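Everything below concerns the one structure shown next.
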């Protein structure tokens, strides 16, 4: 992929920033209204004592970015600090290291955890830092990664194995959600898995669950483009608009009486009206998507009598989910590149945001 | 406790039935209408090849029995086979053993599992026999234990330690539900536990969770009589009709941000409107009670973002829940006798059913 | 594969035995001395009330069989009942069903669990029936499956999915040991696994661990023939006679500091002198092979300070290990056929026992 | 307890140090030889950017301290940096906070984790910080807590609940090892537990396991003084010098066939010759004590065939073990004060070290 002239200059300093207070490219949400502004004169971030500055190499568009960009109800509800450099699914090279930092060094190739844990609250102290009570959020409360450089606390850097590309590294953040969901489901070899919703996280879940020994993965979506990708990744696919999903799923799971594990990634509240019917007794349903309203659950029938567990995830367990990804991607057992459907320059952001609303899986900006 | 004259005769055969086809006492649901008939001429059960006959020594009234007796909506929904000997929470002595039976012998003191697993379905074959697809049900599909003798498959007999009384043994069935719920919650030492509903299972849960290392148990009920028992068993109690439960619970759980574990035993659907607020992030809610309608669950906030797990139980895991009880009761670490508030003769059944609707915990018939 | 004339006659009754007291082919250990006798006049087994008779379709030679056949020290230590029909890794068709049997029917294709659990002891009652205190043993205490027909308790039949062949089914017994070891290791996706010993169970473990998401599997053996198979199944292989195993393993596991999981399948006591060095802190070592003497373990360094867990397995958990296999084999995610290197007639047993001592993986008799 | 005059002066600054470079009391290992020097002119520690200084309130003598003091083989093997302020089981008040510290404030009552994790190695990143590859060690590599003030990284401070005394807080460090062992054993309610060795950690394990629902705890020691304390805490006790331990243990565990969990706390290698005989099939043995030599383990019989798991612990899981203690001690379910047999002034250190070699459990210096 050819690097455009404007970028090249910045790219010439591979391991170290030559000075501070330069300007850089950035996609900035400046006002509480739809859209964002592409600037080439945004001031580079200044590194603090426990921070690092990372030169961004690849950064992907997430659903959160779309909500912010479109300034819809969800986007407003995030209450971002403005002006804001957007973007958070990224990888890059550490180019500056604060004086208090231990264990991270200049030149290191890293992906970034976008939830900054405080380290002191009860969840942080007991292994649930992903659910920190005082969480910093890259690209939402803190300036993000749709930019040449991004500043983060050193303790959110994940060192990438050499064999993992920057593009793959940029997808560790969404992929880690899929790993987290799979962990939470306590997936066992031979299990049948249902994935509802074939957006990027759903598609990664298809790959991951198969790599982790699922006997079969059944994927649902109403978008034929995405279903097609799911099928190419090994899933048996159904389109609820056309197929008798219940009959199809139960036929595939005759021996066990339903899927062992269902991952709800669509966030569509209507899914909850039927999804319990596809799950076997003592099975597990993991909510990843965020339905916009409460949904009715038949506690007596599905939770108590059929013994189904309903649980959910947000973010990624630190750092076991990341290490699992590092191993699986390094070993070529999961190919995150297969869900990248478009690669663009940051200046081409308008096309990027258009693409993710239509027939695309993951759209990545190469910096 | 004095044995009434009528009983004594039957009791004279301590380890063996002298013949077949005698008559016995039994409380029988004869017709699809409220009430039941106490008979002294009901034919004794005939033992099959893989069955045992047990002389009942103690049998308790369960909520299911009340529904059948009153023939309310739930009672009718159970669709019992009629005529039916009611009753299923029982203990006794094995007095006859079928020719195919291995491992159970005449004279053994036993409590009975009331769910008869088929042993062949997928749940039965994979450690979930409590959720068998072809379950027999004592006192519902099979003649029950409000009688001098009851016939069951030999594989539902649980041998009682000598130090466990028949009365205690009769309560292993409901107590096992509480153990199951505690297991499902993965209770850890030091955890704060909320028990919603102080019926017999809730009261046993209070004792069990404290015995299993809960840092504190908080119990809720609207009935002062039951709350009083919960408090005497070591719980901190709140009455939702009088107390600010949320403030009270969160104050007691400041360090962790809410209870680690909540057990919903009341079956009241209204509870689900608030119970998630009492639970800390990454905590667990176990449904034991059966709300009569679906309840709204805020998947986004409570399940995905706050990471709470909603699960449930029905029946008892075989046989680890029972062995846990055997150890704890034998070691006097749990005293099931403390929730027995009334002991009656079977002939006095009308008073028994009246009691359980009011200020009582467990009502036991001594046979 | 051509069916020999003598066999054909028996094979003509596909679902039902026409009568009792016929003779059949069987490989019989008659005396406490090396060798065995192939007979065509051995009486067919007589079915009891809770038994089934299975027409054997495929049966494999196990290491236990070799010890019995050669009548070495281990073989004598097994103290088999004599005369004994040998053989126990088998599959076939149910041709007769005892009157007390529920859930198994004539004509069903099954594999057999060779450990008969009593169902009543503490391990049996608490989910550890594979470790029954009163275990029956097919082909050791009970007449085995190197024969046209074998009689077993109905509750050791595992119904095979249609897509699983008889040959594959015959290997579920050894394969289930590998599944059990993998479960016990709590293998997680991305883990590095070391398999010491590439006999049949080791080779199946290579496939299984990769199918279950291992990042890499490293296999050790001194036999180049077996190492070659392990490599073809996806393992990185080392020969301790030639390679610097420690350097090789640690280089492959730099990021984690050693393998997460080691499976010791060789039974060679010398392995324990070095194997802990290959395992990372907090990793797990599962003993599957049976070293003939106690081995020294550095509790302080390896168990306490480095936090390594040493555990082991014998037999197969019932029935989750089998269901996992059924799913993985049916889905073609594990190909048990790849470890079958030789297929013979039962009459050719002498060649079979010779083969398994040399360059072979699994030798199967087709009946 | 009356505060001696010499101490009082230092104690007058309850929340803040008035200046730097004062002198303080300290027990110092100055030379590689037996003994230590009590000084009143030792310079107070200087706080770094990510550090805190804690005014020590209570500090206990640990076995490690004894080895250092006596300068025996183990003590020399620790290779301490000299001169060294000894001591590490302590609690106190934060009196100075470095500028980079978040989440800890002056005046906070804390106990100290004595293993300083680096936060960056693989164990640290994946939930095993207690097994850090680059561990700092209080009172061994870093100046310790037999002093008025101690400096530590802020992230090893554990805030104590108000209801927990300083003395109790000083014992969280050894008590956390017992919690860790209990976690590792996956103790379940009703389990029978064997505790080998009734030193302070063993005695705390007795209390903890009973508080966590053990059906019974059996404790072994050859010292009648310690056995007596174990018995007073609720254990059934045996003295291997006098009692038939095997018969006694198996008689108490008839139903299960042995203890479910054994904790080896003595570090005596001879124990491993018999301890497996006391454990039931599928039970767990956790090594806490450090035998000075490798011990023979019968892998075939005990690990593979009997399915026993041998695992071990060192240090405390961060911070769940501490939070469990905080809850149990705050709720008065565990009384750490019951194992404190002697309270001394630091100047009286010689008597302290003498006591711990004889009839004492825990000896605490009140500062």
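Every chain is named by a letter (A, B, C and D) in the order it is written, and numbering of its residues begins at 1.
Quick note on the criterion: a contact is a pair of C-beta atoms (placed from the backbone, for glycine too) under 8 Å apart; a residue touches a chain by one contact, two chains touch by 3 or more.
Just so we're clear, the structure is a prediction, and the values are computed from it rather than from any experiment.
> Could you find the chain whose CA centre sits the greatest distance from that of subunit C?
Centroid comparison gives D as the farthest chain from subunit C.
> Could you let me know which interface, B-D or A-D, is made of more C-beta pairs in contact?
Per the contact counts, B-D leads.
> Could you please state the distance in Å, as a whole number, between where the Cα atoms of subunit A are centred and where those of subunit B are centred?
Distance between chain centres: 45 Å.
> Measuring centre to centre with CA averages, how many angstrom lie between subunit B and subunit D?
42
> Counting only residues that touch at least 2 other chains, which ones in subunit B make the list?
Only 122, 255-256, 323 qualify.
> Any idea which subunit B residues touch subunit D in the complex?
Listed in rising order, the residues of subunit B that touch subunit D are 161, 179, 182, 188-192, 208, 211-213, 215-216, 255-256, 323-328, 330-331, 333.
> Please output the residues of subunit C touching subunit D within their complex, sorted ascending.
By the definition above, subunit C touches subunit D via 122-123, 128, 131, 133, 255-257, 267, 269, 272, 280-282, 287-292, 294-300, 303-314.
> Sort out for me which residues of subunit D touch subunit A in the complex.
Going through subunit D, the ones touching subunit A are 49-50, 100, 102-104, 118-122, 125-127, 155, 318-320, 323.
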